[in-house]
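One chain, chain A, appears in both complexes that follow, with chain B as partner in the first and chain C in the second.
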Partner chain A sequence: MTAPIGIEPLLAISHNTLVVACGVAAVGFAAGVVGCFGVLRKRALVGDAAAHATLVGVALAFLATGRRDLPVLLVGGFISGLVALGVLVLLKRCSRTRDDAATAIVLSVSFGLGITLVSGITARGIPGGAGLEQFLLGHTAALTTADAMLLAAVSAAAVLLLVLSLKEATLVAFDSSFAAATGWPVVLIDYCLVMLVAVMVVAGLPAAGAVLVTALVVIPPVAARQWTDRVPTMLLLSGVFGVVSALCGVAVSAVVPRLATGPLVVLAAAFIFAVSFVVAPDRGWWARHRRER
Partner chain B sequence: MFFENPKFRALGVAALAAVAVVLPAARAEPPAATVVATTTVVADLVRQVGGDRVAVDCLMGAGIDPHSYRATPRDADRLARAKLVVASGLHLEGKLAELLSRLARRVPVTAVADTLPRDKLLPVADNLYDPHVWFDARLWSLCVPAVVDALTKLDPDGRAHYQARAAEFIARLEALDDRLRDRLATIPKQRRVLVTAHDAFRYFGRAYDVEVVGVQGTSTESEAGLADINRLVEMIVSRGIPAVFVETSVSERNVAALREGAQARGHAVAMGGQLYSDALGGPGSGAETLEEVLTANVETIHAGLTGKR
Partner chain C sequence: MLWNVDLTIDEPGLFGIIGPNGAGKSTLLKAALGLIPLTGGTITFFGRPFAEVRGRIGYVPQRETVDWDFPVSVSDVVLMGTYGRLGWFRRPGRRERDLAGESLARVGLADVAGRQIGKLSGGQQQRVFLARALAQQADVYVLDEPMAGVDARSQELIFGVLSELRDAGRLVVVVHHDLRTAAQWFDRVALIDMRLVAAGPTATVLTPENLERTYAGRLDLLDELGRAVEERGRTS
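Right after this comes the complex of A and B.
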């Protein structure tokens, strides 16, 4: 019964706070960076469709394995997110459904299916099924070290991939017809970018849940876009905004009792966006207002 | 082929007609699943009082969280066909409340815990009380008369049968109550703390002198924030609590996070095992009645907090 002192809580930040902060900050950074190309390619809602579809995969992964390990569930969520994206592409190609309508259909149908599966599992009391509904809104506060490390690893991989393919991605984002004319596999690059967004959407599930995770890949890039026209700057700024919102959300939830962390992160991101919208030089509301006078 | 043969077709029509005649008749027949109980705990109560004279159909099976349970159309149908619906009450069946109140216009609905005197209940907000009353065996025994009344109204001939069984059950609950208290009293007072995923055990704590701390609040619907986790880790470490417990119908994620937080401070916390909370165990679990569940919970807690297994 020896109780070693252990690691003294750094500046009164508890172990749990530290773990959650690291995990969510990593996800926030990577989601912000990866989300930039989704926003630049005007694909913001595509990520949302993938996000809502992840619930199906999470539920099926649980049913197939009978376990609730985070990696297993996230792989399931990733696969169903990809399937939804595939359906989206097919729907656009093979029918005359418009872009926004196709996205709305895939989003709502897959979410409906996901909710049906999850509520079916909880209503039947399948052992260990309790807690699946946490993927709806996230369970940030209960992240363990293993969870956080998994999220950090996925985030690092996503950012690395994006940095390695930065030239291609930039070209496709700004001048896809030129890229196609000079022989770049534009469609393939496009799919890879969307896939990266899907990866970050899945990694963001524990942090923000299926309903809110899109905010992490959309709001920071849009806020960053207000400040700059250069892609590398935008990526970095977006990542930083992601981290700052993550840390703000975690901090508030660590101080005020009975407030869930995920929604707070999204609110913090929205606050950063609002500030950017008003005060950003050149593109901001205040700058434009002054020019017009 | 089969249906094209006129003879068979006539037979089919006759069979359909027979079903149409028999169905309403069968519905009017007394026994067959006449009482529908919402949770396994309430179903057990009705079975204890009703015995063979009552067929009990339970809406939510073992391991289901009643706070978030939503009725399916099939459930609504089962409820509407019941001769009597027995619910737990005090807003335990949060999502069913509206359905039950609409149902009450056509079918007698008894919410057993709603009949308890208010001064014996633990308030959670204005006019809102903690619904988990069955963890106090003596308090739960006060719900028995409501079931006797409801069953007697349905089946007046069974009055003596119900009253005799009820008296027996109440006596058993009271004896159990004493046994549980004695057993828990053997745990040193300072370590007699129950940390679980959600606040289902406040009546249990009051009745048996156990300090109870939940991560999630009284309902499983609210999500724990970081502040709640941090506060609990602090408490576990500072008081040297040896074990935390998980519940069968609630996710164990929060409890896992607690253990990790305490571990990081150099205080090892054991997983104290699963407690039954809002639902009884399934068939073959050895915890199919409330009495078995209370005994099993107390043994799990005793083993976890004394370190003896």
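Right after this comes the complex of A and C.
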């Protein structure tokens, strides 16, 4: 029996591809939701520093275990991301370096170290090491069903945690000194929020890579902010934008082999942002332009 | 920044902390609320450290400390005043919403409850902060420059609410920089210029000598105040 023309490409989508798409969609949603508080707390670049630092941990985890097990590599990436954030805090506190400069230093130095490790591993031809470069720009085609399920579970947990503490997170992000004066442990809540962003940055590595994963936690929130004046709506919209961006990246890179996923994800997110920037009611460029006339 | 301040405020009423820019008024307030560390000395409320009694203290920070473009509505912000009592993970319910609504009505903002906070005027924004403090249902209210950059109508409204609190037996501590209005508004004041200059009933503290010690070199201001104090003396 031959399938009618037009159905065939659909049937070509394997079970694995579908599961991977679902996993990546979950990551996109959670990254969009969690990223909102990074943006609202004006810490958009902190996630980027952590993201660039993940490469070190990924490479070290590979060297330590000799295998390219995604969970192990991601745990390594998470740890080195946290170390980078710790260094960032210390730099700001002990050396009086300004926020932006400290972030730039941590970001570039940790990325330099990560690239050195990864290219060292590749150059020595350590078995299995060649695939590590995929963590640079993202490559979802290599994900297994188990990997995708793990990513989906982590994403669900991150969203759940954030929704549970939405009241606390909003309070601290809006007015941290009032929060502190009324007895909330602002530093602890702040650390938890940063930690959630770090978790999603790491979970987003397979989809977008260390260089571009920030786009998943920054662009959807900024685009979502254009459309709404309420935090809950912003979270939801940002999540949806994250899903659309992530799926676009996965779909195109599945059709065009050898194309890294990360850049496609970023381009899709950038398109959503551009549309939001122009046509959003009230805050959009067009609405403001019309008001001014 | 600030030293040698030995100050006890032990009766209800409107208490002004007055001094020139950079005198350390806000520093004193923030230190009292545990927002900045003390290098020495102690600050207590009801004889106990602030941390133990913070539920009884309502706080109105300076308006510039937050981003008014933040995506929350006016009533969302006022609801935040109830969070301290709610505790972790509990969502505000009917009771909290009613309280927020009442607080908003007291500062004359009931009709803009659903608006995004950035769409309000400076005076209205300040009243939102005051409503949030009212929703804290505190015994002591601490306000940091509530009249800075605020239109006349809002000033009157804010002063009206503070007077109501005083009449209800609350203590209201206000950091304030405008000498002219200070003489009219406060029952008692403390003059501060990096140290405590004087404290007590407004009429006995706002003397030319004390003011000169506080505002050395700012004499044109002093002349204005001298007239204000004299007027007050005549009317009372």
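Basically, the second predicted complex is superposed on the first by the 269 of 293 C-alpha atoms of A that agree within 3 Å, B and C clash if a C-alpha of one lies under 4 Å from a C-alpha of the other, contacts with A are read in each partner's own complex, and residues count from 1 in each chain.
Heads up, the rule we're going with is that a residue touches a chain if its C-beta (ideal position, glycine included) is under 8 Å from a C-beta of that chain, and two chains touch if they have at least 3 such contacts.
Every value quoted in this text rests on a predicted model; they were computed, and no experiment measured them.
S.K.: Tell me the contact category for A:L137 with respect to chain B and chain C: first, second, both or neither.
M.R.: first
S.K.: Can A:V218 be said to touch chain B (first), chain C (second), both, or neither?
M.R.: After superposing on A, A:V218 lies clear of both chain B and chain C.
S.K.: Based on the superposed arrangement, let me know which partner A:A123 touches: chain B (first), chain C (second), both, or neither?
M.R.: Only chain B is touched by A:A123; chain C is not.
S.K.: Output check: A:T145 vs chain B and chain C. Expected answer is one of first, second, both, neither. What do you get?
M.R.: So A:T145 only meets chain B here.
S.K.: Given the touch rule stated above, what does A:A158 touch, chain B (first), chain C (second), both, or neither?
M.R.: In the superposed model, A:A158 contacts neither chain B nor chain C.
S.K.: Check the residue A:T17 against both partner chains and state whether it touches chain B (first), chain C (second), both, or neither.
M.R.: In the superposition, A:T17 touches chain B alone.
S.K.: I want to verify the contact counts: of chain B and chain C, which reaches more residues of chain A?
M.R.: More residues of chain A are touched by B.
S.K.: Between chain B and chain C, whom does A:A260 touch in the aligned arrangement: first, second, both, or neither?
M.R.: Only chain B; A:A260 stays clear of chain C.
S.K.: For chain A, give the residues common to its interface with chain B and its interface with chain C.
M.R.: Comparing the two interfaces on chain A, one with chain B and one with chain C, no residues are shared.
S.K.: Please name which positions on chain A make contact with chain C in the complex.
M.R.: Where chain A meets chain C, its residues are 40, 42, 164-165, 167-168, 170-171, 173-175, 177-178, 180-184, 225, 228-231, 234.
S.K.: Considering only the defined contacts, which chain B positions touch chain A in the complex?
M.R.: Checking each residue of chain B against chain A gives 60-65, 68-70, 72, 217, 220, 222-231, 233-234, 240, 249-254, 256-257, 260-261, 264-267, 279.
S.K.: List the residues on chain C that touch chain A in their complex, please.
M.R.: 30, 33-35, 51, 54-55, 57, 59, 61, 65-67, 70-73, 76-77, 80, 83-84, 86, 88-92, 116, 132, 136
S.K.: In the complex formed with chain B, which residues of chain A make contact?
M.R.: Within the complex, chain A contacts chain B at residues 3-7, 9, 14-17, 19-20, 119, 122-127, 129-131, 133-134, 137, 139-145, 250, 253-261.
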